[in-house]
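One chain, chain A, links the two complexes that follow: it is found with chain B in the first and with chain C in the second.
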Partner chain A sequence: MMNEIVLEVKNLKTHFISNKGTAKAVDGIDFVLRKGETLGIVGESGCGKSMTSLSILRLIPSPPGKFVDGEVLLNGKDLVKMSNEELRKIRGNQISMIFQEPMTSLNPVIPVGEQIAEALRLHQGLSRKQAWDKSVEMIRLVGIPSPEKRAKQEPFQLSGGMRQRIMIAMALACTPEVLIADEPTTALDVTIQAQILEIMKDLQRKIGMGIIFITHDLGVVAEMCDQVGVMYAGQIVEHRDAKDIFNNPLHPYTQGLIGSLPKLYEDQEELQIIEGTVPSPYDYPEGCRFAERCPFSTDICVQKEPSLIQYGDNAKVRCWKYTNEWQDSLAKEVLKS
Partner chain B sequence: MFLFIIKRLLQIVPVILGVTLVVFLIMQMVPGDSAVILAGEGASKETVEQLRVDLGLNKPMHEQYISYISNVVQGDLGNSLKNNQPVLDEILIRLPITMELAFFSILITVVLGLIAGIISAVRPYSYSDIGVMVVALLGISLPSFWLGILLMYVFSIKLQWLPVAGWDSTAHIILPAITLGAGGAAIVARMTRSSMLEVVGQDYIRTAKAKGLAEHVIIYKHALRNALIPVITVVGLQFGSLLGGTVLVESVFAINGLGRMIVDAIRTRDIPMVQGGVLVASLVFVFVNLLVDTMYRVFNKRIDLN
Partner chain C sequence: MTVNTSLVNTVDLVLARKKIRREKRRLFFSTLGQNKAAVVGGIIILFYISLTFLAPILAPYDPYAINLQDKLQFPSWTHWMGTDDKGRDILSRILYGSRLSLGVGFSSVFFGAFFGIILGLVAGYYGKWVDTIISRSLDVMLAFPGILLALAIISALGPSLINVTIAVGVFSIPLFARIVRGSTMEIKQLEYIDAIRTLGANDFTIIFRHIFPNILSPIIVQGSLRLATAILSAAGLSFLGLGAQPPSPEWGAMLSSGRDFLFSAPYMAIFPGLMISVLVLGFNLFGDGLRDALDPRMKK
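Showing the complex of A and B:
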């Protein structure tokens, strides 16, 4: 049961078209999410994590956003090909989302209970009374005290942590198969963050949903995820079991990320950094997008874009370093000098 | 809420005092002597002087003002200089007409403006949006007296669908109400559009979409309620200029409303009439503002009225 695939994303490409040109925000993302599994997607700001998550439910504002290519298969059915009406039956029902900004993601003039209840009425055909009761129950489930009273309140009467719990309650009300959590704890302080993560894990155990957890926080990845996809410049550069990625990162970018974490038992004057900056999404280099910043870069890295290759049994990496071509290229460089 | 309304009602007192003082001073400063105008051309000096004494116009300004205020408090707005009839009686005849006109005009402003604004905002930069906004721009730019005459020419004279002027039947209300409400409708349409467009870009609209709600639910339940908050402000402000607009529209359509009464009174330097009219108009305005502020609270509980 644990191995059943719920969501499969193949070659997803979402671009933004503006006067400045075409920004390849999401540029060929592949991943698989299994039932009850948590897939972390990590990467720095602007690498396309959020755009990936919004693309799955076709929530990218268009224009300027444009779906270019790919498939999003939910239990084998392609969301990309669905009509808006069909897709609406999936949004908030089979696939739910939690957003990064709890302060602004709730409607300021509608009581929070109603904001949860409306999805229940829509997707589960509950009556007003039933939906309200279930909504209060959900608020209780995410650990907000006196839920009957809170349900009637509007978002401004709730703290940030409570609002994010409301978002979680809203997302989970219809017991979705997939939950997309886009940096759900970034805006919250650390103690609240731990509580929210605990609630999510707990509910995942109860419902058995797959979670796509988008974050830039490697600590949260360690805490939450089974699988990790590391994103860089609109692509996944490494896909691993979460436990492996910290011990043995493959991609030089991942190595840089892990290396830049402060270490608890070492005396460090300065933290490691990754030199250089992310290339502009309007103008990606021809070869590997990380080549410019990579300490292992050779001719082939600059000339040809690497593909996501299988490494061992359960790892994938987008890097020439793990190919024979790279060895050849390196050898040539050594010979030249 | 209750406390808020009481507080606001008390605030009316200084407002009214201010209004009467300003109007009183302005009427003192404008050229033209009411005694002379009243006595008519060719009246002797003695007659004019006698009139001045009879009307109390010979007393010092502050005495005139104080006696006026103390009368107002007792519900006596004085008598018209023209026909010596109580000003209040005249106002009570005229006010309902103007209020009716104002009501239907504001109805047009709100209903037409909201519908047009929503049509525009739902498909921004589409042909329907551009069309609506061009019409709205016209609505703002056209002066109401010109629009009134134009409407009169087309619908009353050419098509003969509606009466030209006067105030006898429901049909008489239509053209003046459109004339008076059009400018406001245009402003409300533009405000609704920009407010809706801003709201539609908010995170909570994305949340509503992610929930699987249909577009009309998102627009009418989630977006419109938030977008209405600035629109209410505009409607409230619009009511003020609408009251001013009645002066023109009542003149164009020959309606015997409060606006026209004030204009006529100014022309004949009928000071008590002017003061009474302006006083009542400002009272109406103050009450409408109170209503608007109370409505904020209904639409947005974040606003703490106290």
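Showing the complex of A and C:
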């Protein structure tokens, strides 16, 4: 049974305009997030993952950022067209976000309990006392011992893992329908990472929210996500069920990514790498953005940009390789040589 | 077992927290305390502030009582600092005058800080054209020499101590606004401001609850240094006859009336002058020390 859709992003484009030109940081992102589902967005640094999440909440500073095109539908209502006031009521209430760096995402001069209480007072109109009690409850929920004491402490008195739990408590205080987690465990060590992921899954079961999980860690994707979108150069190049992507990656970039993971039980001299570098966002090539680095590229890949095509029942891939045109183009090349 | 460990943890944490608090405070005071000059400055300021409260007890005479028989007396056991041309006891006048001088200093700095902070926060937070308008207007104000600006304001409003306060305060606005603007711009791009925005906080909350407490240090430092200048400017304006009017025992005004007797009764000018210089020195020393302790980046 398919759950109902909470968030739908259609053709989202966010560009940055500077005197160097236009950087197409987010260049046509589409995805659908259902209730209780986790969508992973993976990709290397600078591919536009974080910009996508900030664009959804309309937190891109403008200028230099510019929203170019697209729709962000939350329960069918377009966030892009909303006034700031309407949007403010949605932020923290229906969509929340957790940031990468727990050390810098809490205000250093305000006790953490009050920071959590703030969201509750903003959106649920609770009194100071009620909000405080609820925030202590949230701190308990994310598994911090003696929450009454912790709530009164300031961020510098907490460890990184605890601060990230506080961030989660803050984000989830108003039981949002969508949680955007922007590399929430990147700054933490592995044991704490496992705890944080466990807490997030646990709270997801309780609240039933959809999670957009942004990461560059494929292991975390395997652990957390139902769906995965692989991003490359501002676009989603492959959209799959998480369980399929490791066994049978379609896009050459995804194949490269998964191939480059060190294998635990094999004695490897060198890790497999993807040749070349990511094209500059100021100057994307005309054809496929991965063509230059792709072992399968043919004339058509360099000439024309591929679209995200349906492959089988529940996979989408942005690659010519799975089309007849590619077969033709390959055949031509073979004939020529 | 679990209960036990968590209890132990809690006790440890509470202790650790207290320790950290104590350590922070100790560090602040030790940085400040190691700076001998700052300690001297602090003592001077405390001394002056205690004078304002103790003036009625310490003053041997009524500061306004004219006694022409005893005019222009040299400092003696009956009149420690002598008497002025109308026979008023200079020591008593200086004691009562401390209230005026410090009062003008503090209120003008508060006046300047209040508007400066608001303008700086708004300019720094909103940026773009809001910032351009505010910053350029402040630049225009800064382009005027301070005394000239004060003269212009007073000639418009009329000479009085309150108008001097306003004039000196107005000149402090751009100084506070600049510092606050810079710090605001620095804080607003930090991640926790984004984080609070994703929770749906409005601009007012972000500015006053989240940014303002984080930029207090430079404001306090600027305030303490500004006090010295404010007191000096206020005394200067009174000296020029634009501020406190006779018979008010404001130090600048006393200095001004002592001017005519500089050769026959120099103590009429020396004592108020000394009081002003020592107070200004105190605020400068203390302000420098505060800056080093609170805001090491501003160290020159």
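We adopt the following convention: the second predicted complex is superposed on the first by the 335 of 337 C-alpha atoms of A that agree within 3 Å, B and C clash if a C-alpha of one lies under 4 Å from a C-alpha of the other, contacts with A are read in each partner's own complex, and residues count from 1 in each chain.
Assume contacts are C-beta pairs under 8 Å (C-beta built on N, C-alpha and C of every residue); 3 or more make two chains touch, one makes a residue touch a chain.
Since the model is a prediction, treat every value here as computed from it, not as a measurement.
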**Study point:** Joint occupancy of chain A by chain B and chain C, clash or fit
**Key:** clash
Check your understanding: Which of the two partners, first being chain B and second being chain C, lies in contact with A:Pro108: first, second, both, or neither?
Key -> both
**Study point:** Which of chain B and chain C A:Met200 touches, first, second, both or neither
**Key:** neither
Practice item. May I ask you to decide whether A:Ile168 touches chain B, chain C, both, or neither, giving the answer as first, second, both or neither? Key: neither
Review point. Should A:Lys89 be classified as contacting the first partner (chain B), the second (chain C), both, or neither?
Key: both
Exercise for review: Considering only the touch criterion stated at the top, classify A:Ala291 as touching first (chain B), second (chain C), both, or neither.
Suggested key: neither
Point to revise | Partner chain in contact with A:Lys149 - chain B first, chain C second, else both or neither | key: second
Point to revise | Doubly contacted chain A residues - partners chain C and chain B | key: 57, 59, 88-93, 96-97, 99, 101, 104-110, 118-119, 122-123, 156, 167, 170
Exercise for review: Provide the residue numbers of chain C that touch chain A in the complex, in ascending order.
Suggested key: 6, 9-10, 13-14, 16-17, 20, 190-192, 194-202, 205, 209-210, 213-214
Practice item. Quick one: which bits of chain A touch chain C in the complex? Just the residue numbers, please. Key: 57, 59, 88-93, 95-97, 99, 101, 104-110, 115, 118-119, 122-123, 145-146, 149, 153, 156-157, 167, 170-171
Point to revise | For the chain A and chain B complex, residues of the former touching the latter | key: 57, 59, 61, 88-93, 96-97, 99, 101, 104-110, 118-119, 122-123, 154, 156, 167, 170
Review point. If you look only at chain B, which of its residues touch chain A in the complex?
Key: 201-204, 206-214, 217, 221-222, 225-226, 299-302
